[in-house]
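Dropping the structure in here first, questions after.
Chain naming follows the written order as A, B, C, D and E, and within any one chain the residues start at number 1.
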Amino acid sequence: MADGAAPVLDVRGLKTVFRTRGGEVHAVNSVSFHLNPGELLGVVGESGSGKSVTMMSLIGLLPSPPADVRAGSVMLGGRDLLKISAEELREVRGAKVGFVFQDPMTSLNPVFTVGDQIMEPLIRHMGMTKTQAKQRAAELLALVGIPDAAARLKSYPHQFSGGMRQRVMIAIALACDPDVLIADEPTTALDVTIQAQILELVKELRTKLGMAIVWITHDLGVIAGIADRVMVMYGGQVVEQAPVKELFSNPQHPYTRALLKTIPSLTGAREDRLQVIEGQPPILIGAPSACPFRARCVHAFARCEAENPERRAIDGRAVGQGHDVACHWSAGGGDV
Amino acid sequence: MLTYTIRRLLLAIPTLLFISLIIFLLVDFAPGSPMSQIPLTIPTEVRLKMIEALGANEPVYVRYLLWLKQFFWVEPLVMLDGIFGTNWSEGMQRIVSWQSRSPVMDIIWQRLPQTLTVVGSAYVVGVLIALPIGIYSAYRQYSWFDQVGTFFAMIGFSVPTFFTGVVLILVFSVNLGWFPSIYDTSLRVRDWDTFLLQVKQMAMPVAVLALYNAAQISRYMRSSMLENLGQDYVRTARAKGMPERVVVLKHVLRNSLIPVVTVIALGIPSIFGGAIITEQVFKVNGLGALLINAIQGSDLPMVQTLTFIFAVLIVLFNLIADILYGLLDPRIRYD
Amino acid sequence: MLDAAKSQAPLVQVRGLKMYFPIYTGLMRRHTGDVKAVDGVSFDIMPGETLGLVGESGCGKSTVGRALLRLYEITDGSVVINGTDVASLGPEDLRKARPQMQMVFQDPQASLNPRMTLADIIGEPLNEHTDWNADRKLARIYELMDAVGLNRRFANRFPHEFSGGQRQRIGIARALALNPRFIVCDEPIAALDVSIQAQVVNLLEDLQEKLGLTYLFISHDLSMVRHIADRVAVMYLGRIAELSPRDALYARPLHPYAEALLSAVPEPDPSRAQTRNRIVLQGDVPSPANPPKGCNFCTRCPKVMDLCRSVKPDLVEVEPGRMVACHLYSSDSMTAGSTGATEAKERSQQGESL
Amino acid sequence: MKLKTALLGAAACLAFAPAAFAERGSDGNVKILYSQAVSIMNAYLSGGTKDIEVGSLVLEPLAGYDSKGEIFPRLAAEIPTLANGGVSADQTSITWKLQPGILWADGTPFTSADVVFSYEYCTHPEGGCAQGAKYEGIASVEALDDLTVKVTFTGPKPNPYTAFVGATSPIIQKAQFEACIGAAAPTCTEANFAPIGTGPFRVTDFKVNDTVELEANPNYRHADKPKFATVSVKGGGDAAGAARAVMETGEFDYAWNTQINPELQAQMNAGGKGKFVSGFGTLVERIEMNMTDPSPSLPEGERSTTKHPHPILSDIRVRKALSMAIDRGLLVEVGYGEAGRVTCNLVPAPEAWASDNTDCVNQDMEGAKALLDEAGWTVGANGIREKDGVPLKLLYQTSVNPVRQDFQALVKSWWNELGVDVELKAVDAGVFFGGDPGSPDTFQKFYADVEMYANNFDGTDPEAYLSNYLCDKAPRPETQWQGENVNRFCDPAYDELVRTFAASTDPTERQGIAKKLNDMLTKDSYTIVPLVHRGRLSAHSNSLGGVDLNVWDTELWNVEDWHRVQ
Amino acid sequence: MTDTSVIEKPRNQWADVWAQFKTHKGAVIGLAVFIGLVFFVSLGPFIWTKDPTYINPNAAEMIKTRNKPPSWEFPLGTDQLGRDMLARMMKGGQVSIAVGMVAMSISILLGTLVGVMAGYFKRLDGPLMRLTDLFLALPLLPLLLVMVMLFRDPLARAMGPEGGTFLLIVFAIGVTSWMQAARIVRGEVLALKEREFVLAARSIGTPPRRMILRHILPNVVSPIMVSATLGIASAIITESALSFLGLGFPPDFPTWGRLLFDGVDYIQQYPERVMWPGIAISLTVLSVNYIGDGLRDALDPRIRGR
């Protein structure tokens, strides 16, 4: 391992399939990645690219049926999360892995007080008494920057603004000092000024608590400001993976390249016309046998139709360690 | 909340007055006369005299105004007298039933206990059966339990009570002899034996009504649970590592109960309405029997008073349901 | 471009637009207050121009858009579009005026009737405002579908069979059906994926060029507004904080809120993102039912002064073409506040660095 | 359960003891079921049979009728007659001697003042007394002394046993009801629900339209009666349920008026827990022919009035043919079984008063057809007879009641066979018998061609009953559609004969006139087509002794003698 | 220009609904049973041509055919007057199912009308909802009695006794059962009014009438369909309860409710007499309820999308 430490989370060959009337949807297709201690891994992709489903598959949060986690391994703290019992998995959720969801309006239970909801995992996983849990909950609220924390424990979610609610969600996710925090588009539903607040908070907490974070988003701007390493997903697969600066400065996959171009910049020169990725995202019914991006790819050729590309390293380091890409085409020139 | 409640109550007054007028006109308009149950041997002149003595020959508006005065002024006074031992209502004419020539309110008070015990406990039993069935059916949607539950709920909807009632009597009273077929309203529960008797005689009417109630409420419970099981906060609870028991019975249930509780509250007036057919089959003689008897005998003051009380209860429990909703759901606060 | 626009009369003239939603409380349901969703907004849009309207959720930007098209009965003010005061038209006149102003909605899923086919949806305005026969209507529908890049084969499909981007194209085609001069685009790209947003924005621009359309482009996405708008109005809590030409605003925002807002937008460039000077605003937006007494922004403004807490600043032109509602720029406060000068200096520095 | 066994045991012991030792209240509790619930105990304010009968457990008249229809003294020392001088020779007054030493249930003595009061109570113009008819034709009621009451009539009264005779005119206690006279009558709820009486029982608990609990009257005039210590009367439900509770489940000892279909009777008899008892009074199920035109095309106010004779039924041949087509034996078998008999008479009992008319007993379909042919009604294309283009179509109405609906269906099938088109209609009983002049569906208004119901008369003398068919008793708009002559039958000869009837005092002559009148209405004119002489059918458990079904007075007439048997 | 001749057929959304509906086993069985019942009552009389009201006028013959158990001559036996039960069941079913359908239509029509008006026009909301409360609070029985009294004769004159009573009964049931539908529809309309496509139509200048017909009504179809199926069931039950209270059809006019009520008296001797109508009513209501259940799922886009 490049950083010398063993990864806290190591996912290999994860496959998740949804059974629908139209056929099997291969939402996650052989996804592998790891998460180093203290690292923030950004996962970028459009809706339907499989980024959320991947993370939910890890800890068994997908309803089954229709979801079916088919293959792969998810190593966390020496155990394969896909092999342990449902009860053991529950012990992991909330304790070892914290989750923050996209919509803070609906992710909190409207009929329980914020305090109750923070205390729940504390009592369950940490074996705290109610009094202890209450005290800790107040500390957590203060930690995520909610003023007058002790008093606000008695408030209901609807009495908080959207940004405050997301802070509460973070407090819940952090309650048991998890090894890994998975944040699933945590700022998408928020306004930019509030998003800025939350991003500041996360940066601050990272330095303070030092846990590893997986940050899912579709906003490259957010990733650029916060992530150490980025994984780009498309059509249920990882198409490119690289340290953040490397990715932005030297994108390899045609999708990544196009994506970076489509986004108008707030600062740089204003272009008369936006770059466009033509076409629509793929429908993932049936086992994938070709590159999912082929239909929209400007570089597509016969092989893309015939064969689903494997991830390959482009900077000499092993796949997953440095910069790797899943594409038959090479930015350097033609077919590889 | 308080102003909301007061406002609703104030608004209810004109509504109820209007309802009372409509009911009065309706009942008055309906065919039938208070003399219909008198044997034909009694000659016409005597009948006319009896009608006159009842005041049934007065014009409608006179009787309506009299009833209004009696219902809203005399009866409350009588009630106050009853509580404080005063005698403000002395000499005032109360609402008197044409059938029994006795004050309508007294009869209603007399009937209330048996209606509440039978129809009320059927409602409670129905709810108690319905909730777990609804919860489990939703949690295991499309499982065999859900299918069976659905089937029984449908049966509960679809079989008329006069049919189930008679079948139960034939099986359990006539053939097995377990339960009495006729409800004894004068039974007083004094000791264990009389309590057992009471339970026995309640068993069948309660079963018939509870089946129907349970069918309905379990469907509400199920759909409400299904609605909430798909919510984001359920995923949050699971992500916190909460056991399924806590997720379903705490997080989902608490939310799902909000609409169900209001549905249950809205159903309570029907308890006071009694169960006309079931009461008749088992001879429970509660408020439902009282109403149907009064209608058949064209006992206008009784019908008017009873139906108006139902209307009041319906309006009242509509309000209570709304307030309950506000109390249970912290998101809703009436100003 | 600005000069060219100035020589013409504005197509849309909004003056003192107010949109209050009354609050009734108490036993007698007395009118005890208002949610001041829009509280005195004025601006012009020149023919062929795109005015960007930005702000955070709840600032009233969508309400302005809807009030402009008389989808709400406005509380006060005038909205003159192409010479007619839309705000005071009777129902029949309003109906007749509708073809010249149209709207593209935010949620392409919600804005299409799920029970109507694409042809029905696009053809509906024609049914309402023309007495064409079926063939002529169909011809127009195909024309519109071609214009927005929808395959003619899809004419008989239902909305749920389309992707988000395609649905938004349907919405645009519907808005174009009656040859409007003015289109309100109410967050038309907010619900779309990044790769699709660019498609839609390009389409809107192409159409503007081809048909000479005038847009009010409502969005919370500042980078996209920068791309499409000629001038930008920044709204905060029902009022316009700043209204400036695009380049000037993005280079050097005058109003503290505009400044904070721009600095909060994440920069998709890790090297620049890390060096950027962010202004992180504290706290939340106050309730529009109970706005602060003075300047709406005074509760969160990093440069707040005593005056801001008591007097509402008016939107005044402080530089040519730039209007700001802030006491920092009113003549008396400029001299009174010593901080004003330094702030201005900081700003200019920042502007230069870009 | 245990208590019941104990009581049964006690009763068993008593059965061996000499009768004189049988004590009051030794047989415990008796449970009586009335399918119509009791709403009041005061017969003067109700008129409902159930109220009168249950009221008779408490309140007694001076004399009553036994199960053979013969009068016997209750509170009176003896029955006053012409022979013993109790009835004046000119039949204008009757003098009752009361039994000495009778006490009210509250221990106060019963006197002639109570009798006089009862008269005053019921005849008060504002009281709305339901039994006013019992006191008609009375000039005065005076107390001659504490134990003597003289009733003076306005004219000679051949049947002086109306006032104070039978459960419908009981004696109420003056002390209790003094304040309840006239308009105040309905305000005395307590007195109406728990009157103080001289009868075998007194009320301990009264629930309106539900249950009445009674206990033995400690001051009852027979020291060893009643045998039962308490009576529970439960009301409500239907006849089948009531019969079932006695015959099959054994929950009740006595069920009143268990009129159910014959097959069910047989089934329940097999239950073995009780038996049915039946008795025949004067109740006759009949079809009434409308002599006037009920056509809805007539203006309101002229429909079913004598202005327009019935276009079809005015012809006696049609009426007779309709009667001939009916198989009454089958009707009895289908509808009543044990509780019905074929009859052709309006007055089927008592025997001495009943005509021997039996011409209708056998169905004669061919004869009926011939009669219609003769009347000019010829079979048309679709099997329906017609005359001058008018189809022979009848509207046949009755009240809602399963037996009546079966009868309607059967009669319809026979009449269809005749070539008569029949439309059936069933009206809710409350409306049909309600007499509401505003309703088009009352039996008096008779907006139909034929209608079916049952009626009877009180006591044993049919004079008032037969007087119902005088011309001027026809219901019509002027009488607010009141009146008992629903057929609008009008025959001056009949009116004349009724007048003779009223004037006649000789019993044999009166019986002859009654038979003549009966025949004029039935076999001579077919205005009224009697179908079934209906009996009373009640059920009692095998362990209840002393039941002797009385159809002339209250069924509970001898309740003081009811006892528990093994 | 694309060749316009290859324009696709609309992929009817009802096809989707049907596809989803088919996955609900109970609903499919329910539909099959219901169609079977409809065939039984509508086509049955053409095959089994016995007159349901025929009583043998020959008394001796009639006695012999009373209360017969099922046999080849009378597959479902006969009643106490020797009438053929199979023919009566068919005839009764026609009436019962027709009552269910028509009464449901009336109540849905009224409920939708009131619901749409109340939901769409703010000014009408208050009064119409008070009207709904009023109807909810009204006692059903006196109302029915009044209606029967007032309208039976004129209707019978206009439409014949059976048609008149039929109209009266379905109208009475319809008029007293629309309130639930009205409330549901109102709620849906209120929500729909906030949807953007309604705003879009308004921005086009669509007048209220067309707005309701084109945009509101088609989108409240699914709750209406569901309450319609429940409405059929409850109308059939209500008709049987009316028969129980003696307010139903003319006595010689068989309906399942009346057959059941009549049969209750004979339940001990001839249990099949209550079984046939009991099973028929229960089957109908059960099947219709299952259809409603399936429709609810099929019409719910969230479920259909899965």
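Following the convention adopted for this analysis, a contact is a pair of C-beta atoms (placed from the backbone, for glycine too) under 8 Å apart; a residue touches a chain by one contact, two chains touch by 3 or more.
None of the values given here were measured: they were computed from a predicted structure.
Under the contact definition stated at the top, the chains bordering both subunit B and subunit C are A, E.
Traced through touching neighbours, the fewest hops from subunit A to subunit C number 1. By C-beta contact pairs, the most connected chain pair is B-D.
Remark: subunit C and subunit D have CA centroids separated by 88 Å (rounded to whole angstrom).
In this assembly, the C-alpha centroid of subunit D lies 44 Å from the C-alpha centroid of subunit E.
Annotation: 51 Å between the Cα-based centres of subunit C and subunit E. Contact with two or more other chains is made by no residue of subunit A.
For subunit C, residues touching at least two other chains: there are none.
Multi-chain contact residues of subunit B, defined as those touching 2 or more other chains: 31-32, 174, 295.
Within the complex formed with subunit B, the subunit C residues making contact are 25-27, 29.
The touching residues of subunit A, when paired with subunit B in their complex, are 59, 61, 87, 90-95, 98-99, 101, 103, 106-112, 120-121, 124-125, 156, 158, 169, 172-173, 175. Put simply, subunit B touches subunit D in their complex at residues 31-33, 35-54, 93, 96-97, 99-103, 106-107, 110-111, 169, 173-174, 177, 180-182, 184-186, 193, 280-281, 283, 285, 289-290, 293, 295-298. Residues 1-2, 33, 36-37, 39-40, 42, 45-49, 125-133, 183, 185-187, 189, 192-193, 205, 207-211, 213, 232, 234-238, 241, 244-245, 248-249, 251-252, 271, 428-436, 438-439, 441, 455-458, 464, 479, 482-484 of subunit D are the ones touching subunit B in the complex. Subunit B meets subunit A in the complex at residues 231-233, 235-243, 246, 251, 254-255, 258, 328-331.
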